[in-house]
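In what follows, chain A forms one complex with chain B and a second complex with chain C.
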Partner chain A sequence: MNTESIGWWGVVIGILAGAVRGGTPFLLVSLGECLTEKCGKINLGLEGTLLVGAMSAYAISYKTGNPWIGVAAAAGAGAVMGALHAFLVSRPKVNDIAAGIAMLIFGSGLAFYLGKPFIQPSAPQLPGLELGGWSAMPQVAAALKISPIFLLGIALAFLLQWAFRSTRFGLRVRAVGDSPAAARALGISVGRTRLLGITLGSALSGIGGAHLSLFYPGAWTEAISSGQGLMAVALVIFARWNPVHCLYASLLFGGAQAIGPSLQAVGVSTGYYLWNASPYVLTLAVMIATCSTRRTLAGAPGALGVPG
Partner chain B sequence: MNSAQPSEAPGALLADATATVPGPVPVAKWRWRSTAEAIAIPVAAVLAAGLLFGLFCLVQGRNPFSVFAAIYKAAFGSGYSFQNTLVRASPLMLTALCTALPARLGLVIIGNEGALVVGGLGAVAAGLLVAGSPAPVVWAAMALAGFGVGGLWIGAAGLLHYRRGVNETISSLLMNYIAIAVMNHLVNGPMRDPASLNKPSSYPIPDDRMLPPIGETNVHYGILFGLVACVLAWFLMEQTTFGFKVRMVGGNIRAARLAGLPVSRLGWITCLLAGGAAGLAGMIEVAAVHGRANESLAAGYGYAGILVAFVARHRGLPIILVSVLLGGILASGGILQRQFQLPDATILVFQGLVFLMILLSDSMYGRFGLFKEKDAA
Partner chain C sequence: MIIPPPPGRPAAPLDLELVQVTKRFGSFVANDRVSLKIPSGTFHALIGENGAGKSTLVKCIMGFHTADEGDVIIGGHSRDIRSPADAYQFGIGMVYQHFTLVPAMTVAENLVLSRPDLPATIPWEAERKRLNAFMRTAPFQVDLDQPASQLAAGQKQKVEILKQLYLESRFLILDEPTSVLTPGEADEVLGLIRRKVEAGELSVLLISHKFREVFGFCNSVTVLRRGKVTGGGLVKDLTTDDLAAMMMGGPRTPRTVAKADRAPGAVALELKGLRADKDSGVPALEGLDLCLREGEVVGVAGVSGNGQRELVEVLAGQRPATGGEVLVHGEWYGATRTDAARHGVFLLPEEPLRNGCVPAMSVAENIAFREFDRPPIRLAGCLVSRRGIRGFAQGLISRFGVKTRSTETPIGDLSGGNVQRAVLARELGPGTAKVLIAANPCFGLDFAAVESIHGQITEARNRGVAVLLVSEDLDELLSLSDRLLVMSHGAIVHETTPAQADVKVIGHHMAGH
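Then we have the complex of A and B:
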């Protein structure tokens, strides 16, 4: 209704709002993937974990009437999926990428199967933080309604950054990810560290799923995720395995996703569908520009993708 | 690591190798124990998945035996259902090759869905362009366009891997989304048939220019594309020097480089063929099933093809068998919904269990004494 009066500012606000709202699931899954990859394993199945998290959060929030219990359930369900993935990839000769695809199929099947009865009813949603009360414009107020999970994600990004740099746990994770043999020689249990890292990482992406079903878009459907979980792997490469950079990358991707709809809202619908591809084109372009056959990417864990 | 001295002169290595060969090389005997192992372990894994799925049905209060009986009946129980299964198996054979061929090089390509979609788009565009020509010309143009566009799609991922070091799994995954966005753009814009209101689609291929069913059956000629492609893939990989070189690259890329193999060229040619196969799957979907390009193209045959390739251990001939099995399982989704009130995602759960068990079984090779070759010395 007010779209005409604010004109092109509507596009800017739409993109900024999209960056925060749409970027939150990206943030949680990319932090989860970052932790997983720092242990030296890839989890391509976070899309399945995200869906299981979204479904469990919605179902539990509906059953108990408390969305926060739903978030906890999402984290728990994500952790279970992560433990399963960690077990699979700890077996000899099991390719972690193939295991991720299997977990993706299994996880989405499980989420759709168990979530079937919860498509209709509406579950209590997470409360948003109204930071836009000062503005008279409803668009600005709506854009500044912040998800509590977004704030959690920001805190986690800095916490993970600090943990990798300055804690015993972070050092162990990095050691296991860079050189499992050296870590083993130091008496660090590679299996246990990876189990912990992958499980925690999956729990984070479960929470990302809770944002989808309990905040924005705020319902449980089978089409709730548009590949945010799959994108996590690309995002982490984009962010060079740095949790704080994951935050920036997620905001960028969330914003890029919102370009098409925001332009459409002011009547520009040329290339609407092509704009939807912008996050993927962006990632591909960055990878082509920065990768090299002669060296691994700066920041990449040394044992990433190496079997064993 | 075993390849610690890459600086060693190739000549020295060769001299060393000839010195250690003891007398005449023994004639290769048929190693039936390894063959038996390669069959027994995947079969056991699928059975284990079936057991778990049966437990899952039991927990959901359904009799697992009647569920399996219904799946069997819906997939292979009658001539009609078997034809339905074969129609679903045809694109699976082709998309499976998209993962299987590069896997022999050691690449993990998961861009099957995207290659299928762009292949289908290319096929529709070519078909519409020459729609006035006789049917065989239209089919040839569509097949060529589907193969070419799909091949370029995955070939690009291969080229990026060898020239720029871009991870082929991630790039092909990203390209799936780009393909679907391009398709949505085209069928909502330049290629849109104004008559398609609810489901934006391209202009249709004329009915008499579509791939017909074979004889009196419902099975279209696309199944021949699938069968021929799988047999050719088997021949190429197991019987030709090209295939031998590819397997050598997959076995040890450093050794292959040292032996002077053109690793990069082998790589992108294999990726081109792989993408071409998935593009053909898109072609048969538009030319024999949908008649036009729309969102039905991205129906998940690409992702299911990844599963087929891994279950068949990336071998051409087993892909045929596994595709028919999975085609049957996919065809039974409707029955489970109608007869047992199980949601259609049940099939996805079953697929996931099969995939997990197959992967877990990978760590079982070489564990059983029964399958150890006795003539190792």
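Then we have the complex of A and C:
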């Protein structure tokens, strides 16, 4: 690959490609976390769910030879993890942060244990959508090879946005997350609504894991997620619990993650690790710029982090 | 025999009867063999002091609690109501004392969400049409697109009542629905409900403390005292004294503190061109000027939502001012803990559980909030004496008659009146107050509690305390104030004295004309 011929455009293309490729797991996990938090509970365990999803997707794809069954398995495994978390946090006096950390450790442990035999073999990968066929430049063609899960994520972001406003389930989720007492008075079952929301959210996160192991980077290793599940939790706050903003934020984070590698590709290796820290610097910068001491976080579910 | 709910909701008002209903919490008997009968199409009042068991009783009807003994009989059949959803199926709806609106949702979303027959996806266009049609017939108007969190207490209460009318309930339970309404609004609301009763569309059970409402709107009444029925009957056969005697367990002895005749002293609190924003960033106070002297009560009247809440929050240090200044005793006042202690600025906030307490902390700790970091409660360094807190609180609890199981009970478990008493004890107990800011101090309290709080406020004024009383209850303002201000759109628009006050003129200014 001749990067010199396109020069600095390579950096831009690299960042854009990274935004889509690297942003996809952020997108799915943040949408899942967004749904979970709208129910009034936090699920820090989504990092573990991401790993369980990645592992199950890879293992099932390898066993069955069909990567789509792998994606379904990832969603199913995510749902089981979510249901477990929902059960834990529905018990009286269970703190969702503590339960989430336990689920995180449990999820990663489970994924590493069950995934050991699948590190070596190579599993069938998800087919990418080649949207860059028109370009003669291989960099452009590679950048426009889009993960189907990314498209699913975009659709889900808008679907969730609509659902929170215009579906019975969406309104109930918001009621339960904002004021469980009011929800109970309206005859809404807080436990059942949360169970459903948290389970679905966790399933989305599992699908995000399938993108990791079946598309990009496209292998099962223990270091595959490197904290993206946790970053996604912060991303939801940054996106003010708005699914479409989660999409933008995910692209931003994915792109920021690709700055370091893209610069390295054109021969700039000064401060490689510093550039790799740019997503975190970006988070801080945007948080400082958008936070106001005069307003409480608009959109934050009222019952978030409140036991009960 | 227990019959399951009928398939369709009733179209006619219900008749409802309670037979020997008993509800216990541990060894505490909240309702002791309570029987009452509400014939179809009547307006029935349930009255009693705080803690008499009124709320528990209606929660048994609504299916929040299950009665330990006794029957709920609807239309001649014993019914088993296990949840509010069951109650809805029978056509029973309730307006709660605590608001049941989802704060983050708009009024429209709150109304739609309350429909148990909500379709899986909501066709908003059709719903909007339905809502607009409903609002045209509604007795009061509320902005459908306003989030509930932005509504003042009075507006929230209106939405709660609108919700039940929207749901077409045939038996309405109202738990002190008018506490935050102006007298005009209260008459309007109850008048409308009364018309619906007379038109044969509704039966109503009204929990109230106000005799005026019982005599003005109700057909019959039941009086509860300490969980037992102590009397009742048709309203036309009863007098105020009869009801008071049934409620208090003896003839009523009014204990009002007379206003001492005194000229106001030096200026205690001065607001100059005060500005502040609502949570949404929209201006709430637009250059408010106000002057309060020692030994006078200045009442601030106004329709809720005209900046009263923001005014109190700025003075409480809960909300930053965006312009203007607050001076106390001529000095700049920043509403910090140090400033408040130095100038003796004390506060009775509205919704005290939310604005003045930490619900999960004990009664004693809440009462000691002003004093815990000062000797004698503070020991050497940063150590605080638990025993000191308990002792300090114990004295005030008995002086102010706070009913609590122990000093260590979480304050969130207390009834509304007792929370307000505990806050009153904290703010007025030590007697160091020089400026007192009170916001709707009697919201939802029974008349004994109201009398005692009014007495405390008047006593404080007589001692020379400068009192700013922000209230939505015009009667309260007229009886306590020395001067009365009317607030509209974030500014003072009218000033009068109770002696010269003309309720019509005040209403006119309140409405913003």
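Criterion: the second predicted complex is superposed on the first by the 300 of 308 C-alpha atoms of A that agree within 3 Å, B and C clash if a C-alpha of one lies under 4 Å from a C-alpha of the other, contacts with A are read in each partner's own complex, and residues count from 1 in each chain.
We take it that a residue touches a chain if its C-beta (ideal position, glycine included) is under 8 Å from a C-beta of that chain, and two chains touch if they have at least 3 such contacts.
Remember, predicted model here, so these are calculated numbers, not experimental data.
Looking at the superposition, the partner that touches the larger set of chain A residues, chain B or chain C, turns out to be B. In the overlay built on the shared chain, the residue A:234 is in contact with chain B alone; chain C does not reach it. By the touch criterion stated above, A:284 is placed in contact with chain B alone, chain C being left untouched.
Applying the stated contact rule after C-alpha superposition, one finds that A:105 touches chain B and leaves chain C untouched. Contact with chain C, but none with chain B, is seen for A:172 once the two complexes are overlaid on the shared chain. When the two complexes are overlaid on their common chain A, residue A:181 makes contact with chain C while staying clear of chain B. In the superposition on chain A, the residues of chain A contacting both chain B and chain C are 294.
Only residues 44, 88, 91-95, 97-99, 101-103, 105-113, 116, 222, 227, 230, 233-234, 237, 271-274, 276-277, 280-281, 283-284, 287-288, 291-294 of chain A touch chain B when the two sit together in their complex. By the touch rule above, chain A contacts chain C in their complex via residues 165-169, 171-172, 174-175, 178-179, 181-187, 294-296, 299, 301-302. Across the interface of their complex, chain A is touched by residues 83-85, 88, 96, 98-105, 109, 112-114, 116, 118-122, 124, 277, 279, 281, 320 of chain C. Chain contact summary for the complex, chain B toward chain A: residues 108, 110, 160, 162-167, 169-171, 173-175, 177-178, 181-182, 184-185, 188-189, 303, 306-307, 310, 342-353, 355-356, 358-360, 362-363, 365.
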